[in-house]
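Attaching a single structure in structure tokens format; questions to follow.
The letters A, B and C name the chains in turn, as written, and every chain counts its residues from 1.
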Amino acid sequence: MADRRRVNGPVGATIPPVFEDEDVQVQATQRTTRSRAPNGIRKMYLKTGVTPSASGSAYLEIETSGKDGVSGLKLSCTVHGPRSLPRLSPFSPHIILSTHVKFAPFATKQRRGYLRDPSERDLGTHLEAALRGAIIADRWPKSGVDIIISIIEGDQGRETSGAQGDDTWDMMNALSGCITVASAALADAGIDCVDTVAGGVAALVRGSGENDTARIVIDPIPSEHERIEAACCIAYLPARDEITNLWFKGDMPDHDMGIYSELVQQGIQASKLANRVLVESLGETVK
Amino acid sequence: MAPNQHVLLSPAELAYLHEALSLTPPIRPDGRAPTQFRPLVAETEILPGTNGSARICFADGTEAIVGVKAEVERTRGYHGDDEEEGGEEKREQEREGQDEWVELTVEIPGYREDDASTAFLAAMLSEALLADGGFAKKLWINRRFHWKLFLDIILISPPLSYPLPLLSLTTHLALLSTRLPRLKSEGDEDPFFDDDWAAAPYLYPQGTATTRPPITLLVMAVGRNIIFDPTKEELAVADVVLAVSVGEAATDASSTKGKGKAPGRSLRLLSVRTVDPPSRVTPPGVPNATNSAYGIAASAQKQPEARTVEAQAVEGVWRAPRGGAKPAVMAALVQKVLERGGVADEVLDALDAVELG
Amino acid sequence: MPITITAPKAVRPSYAAADNASDDSDSDASSDNGAADLEGDIPMASSRRKEDKSYSIVTPGEVITDDPQWMRGHGTFVSPSTSAIVSSVAGTITRTNKLLSVRPLRARYTPEVGDLVVGRIVEVQAKRWRVDVGASQLASLPLSAINLPGGILRKRTETDELQIRTFFAEGDLLVAEVQQLFSDGGAVLHTRSLKYGKLRNGVFVAVSGMGGGSGVVRSRRQVWTMEAANGAGPLDIVLGVNGFVWISKHVETPEALIAETKSATTGITNLEESVSTTMYSSQNDRIGVETMREISRIRGVVTALVENGLRVDEDMLVRGYHEAVEMAMLGEGPDDIYLGGERGEQLAAALTGV
């Protein structure tokens, strides 16, 4: 699909510069390691009602590693609806949810195009599943709601030039942020929900040494860990104790269900912590 | 075909199906046991122009074909002008695969390639394949070159039910039958290969302790019942639907010693995703008590209320499920897939038995 | 074994029902095993078919006869130049009195006036519903053609039009009769008898491809109640001519209710009033486990009959059901209701062998 309306960047992937090894030696040891407790999440800033023209909106910032006060993940969400469906669409007894997640072209290390690529559509599908469980859909027949999320900055530090394959874990972090911010925007728009849903990520990480044991941390920053073996992103409804979306990926040692269950539990924990922030900020807006 | 595509069933049918599937044991519309799959027809190596291919037909007529093609590509990011000695061993240690070396595309008739549902399927399938990080290593030729593997998955018939398990099983078979030409060059020189196709080794050599390609199964839960290989009517009344990818763990000789080892393979969990069930967009039934076309109220023709009062759940009346699923239910679903000698095991056994070529 | 994977088989000949045997065409098919004869030329059929053959297969463009005494029916057309009757579909020739028609082997359902069909509502429009009956077009069910609850004498008002969804909504199943046909072939349905209306308490099966050999055939009785085995109560079966089948727990028929209440109350309008109040309910009654099991079993029998090329009508279905019950008894007991794959073939073999 050629995009002829805009002046696009160079076709093909842009390759970030690769530096000589000798000089980087020093920098490698300065890679930050996780300083938080394994069950603590990063500080977030969440504000609703930032876009007056939309039915509901929210803005989320999550601080990055290393430097205090500098935020790494910035998300903006707007909700339009409930509004009537186009005239010729068939009757629907439930509200029709449409989600649209897009990374800004400058958000990640490798520049993205203006049109949504499959990974963004995948995020949109996950988000839809997560929110559908929370919305009371049959209160709004023949209506639709549009949820549009722009990821302004994707939390990929400069130090990760050598690391490859961290993309999925970044996607999980982005997804959990999307779920939280969308939930805030929905509440801001006044759409009936059974509960506030927030996203949380838990990961099984291992150090670089041979004898390092694997441990489970929540809200991981991929650049802080040598190896991430598995991770899961959970959308959780705390009042009903139900999961609306679960995305797990990784290489589990053996068919040991114990580690998987623990990972899910920690993900729920991360989600609960994020939910507290969400509820607090919603309360503040009301005041 | 999308996971939440509107399946047109009446509320009465949905209530009946839900009740039938909630019994112990559940009564499925076609009479299968909860862990029974529909019979399917499978064959491999149907496309001589590919490195590997497979075709599977389900009993309801859905059919999928997968073709695997490989091309030699220059490895990006290698700037070795250094002539390293150290030979084969060092080279083996440096073997590292990259996820970009595998390109997987899914084509479903009637849907664009960048449609959300197609992207979800493609992401799910490639995730399972690349999760353990070991697959891309097989594609390493030398430090300068690698194989780029193109996996093209085509659903031939229009999708009648959620096609994920069909596509996954077909991909599994295609990968099992994939062969790459035998390397004749050595070291880091430009690769050249043996012309003899019969000498080409399999990507997954048989009989050795290497891992096998993963499979993805669709599991759903209704009440306390766990049901495998659901049809679209069963999906329309599901409480929760999960797509679980499992692979086989590499067994080493030491672990097979000792008595008391449970029969069956050792399975690894590779990925789990919740699938949005179509049950959430199904039309609700109206209980007789509030049905203005039922009972004495109908003949009296009184003016209807402006907005229907939300009723409590009434037996025999269908309501779309709200909220999510309990963590315990999801864990039970995953456990059921992984158990030794359970469903995933039997499916892998059956796939093994399919003759290659 | 929860999963059976088989290698693809060669196409097997479909079971020929006793009255459909066509010797010539069968031997043609089996002689060269379906392969094209590469050596010699494929002989073109002679232009005129012998008329003493009772059933023969024709292809589009093949001249059936140029005898002027025959009238042409479905599946044929008159060739303009020679005024001979030429077949326009691939199928078997049927002759009734002087009417010559060709029944295609597999074709979409074409509605005829008086057909009893099962349909699903797909659209709700201003004063009518659009119903999917498996034909080439959606059928329409006008609001004036349904029984309004409250008896025949209840007048249709504007409230009914605004409340049209309370009668039938999208996705509802109903059984209706084709009242008339539009000029383009679309059907107009009505449910103006107490035996038609919304369906509940059961399951739906679609049998696709109505045609010569298999599928639901037009027969004397399309709706009946049968007694099920293993402690289930009576079951209603509705075989729509369009190939949509409905199997459900027996709902007290309106006629039965009328008969019951006849003695108690007076006046026909009162009876119809009380009876028609349950017509538009979408709430299921309580159904027992045994009933659900037997309903599943019958559904399996229908699917097995279709998959093995047998026709689906009352006779075959009842025999098939009894056969299936016996098979289950010999197998694992009444719980064993799976009839797909091999078991279905076993069932079909038992039926055609009998």
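Simple rule for what comes next: a contact is a pair of C-beta atoms (placed from the backbone, for glycine too) under 8 Å apart; a residue touches a chain by one contact, two chains touch by 3 or more.
Note that the structure is predicted; figures quoted are calculated from it, not measured.
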| item | value |
| --- | --- |
| B-C or A-C, whichever has more C-beta pairs in contact | B-C |
| Central chain (distance from its CA mean to the mean of all protein CA atoms) | B |
| Rounded Å distance, subunit A centre to subunit B centre (Cα mean) | 24 |
| Distance from the mean Cα position of subunit C to that of subunit B, given in whole angstrom | 35 |
| Rounded Å distance, subunit A centre to subunit C centre (Cα mean) | 51 |
| Subunit C: positions in contact with at least two other chains | 169-170 |
| Residue list for subunit B, restricted to those that touch at least two other chains | 283 |
| Residues of subunit A touching at least two other chains | 90, 93 |
| Residue ranges of subunit B in contact with subunit C within the complex | 8-13, 15-17, 19-20, 23, 25, 27-33, 35-43, 57, 59, 228, 282-283, 285-288, 291-296, 298-299, 301, 303-304, 314-318, 343, 346-347, 350-351, 353-355 |
| Subunit A - residues contacting subunit C, complex | 90-91, 93 |
| Residues of subunit C touching subunit A in the complex | 123-124, 169-170 |
| Sites on subunit B touched by subunit A in the complex | 3-4, 6, 76-77, 79, 98-99, 114-117, 119-120, 122-123, 127, 131-133, 242, 249, 266-276, 280-281, 283-284, 320, 322-327, 330-331, 334-335, 338, 340 |
| Footprint of subunit B on subunit A - complex, ascending | 1, 15, 18, 90, 92-94, 116-119, 121-122, 124-126, 128-129, 132-134, 136-138, 164-165, 168, 194-195, 232, 235-237, 240-255, 257, 260-261, 264-265, 268 |
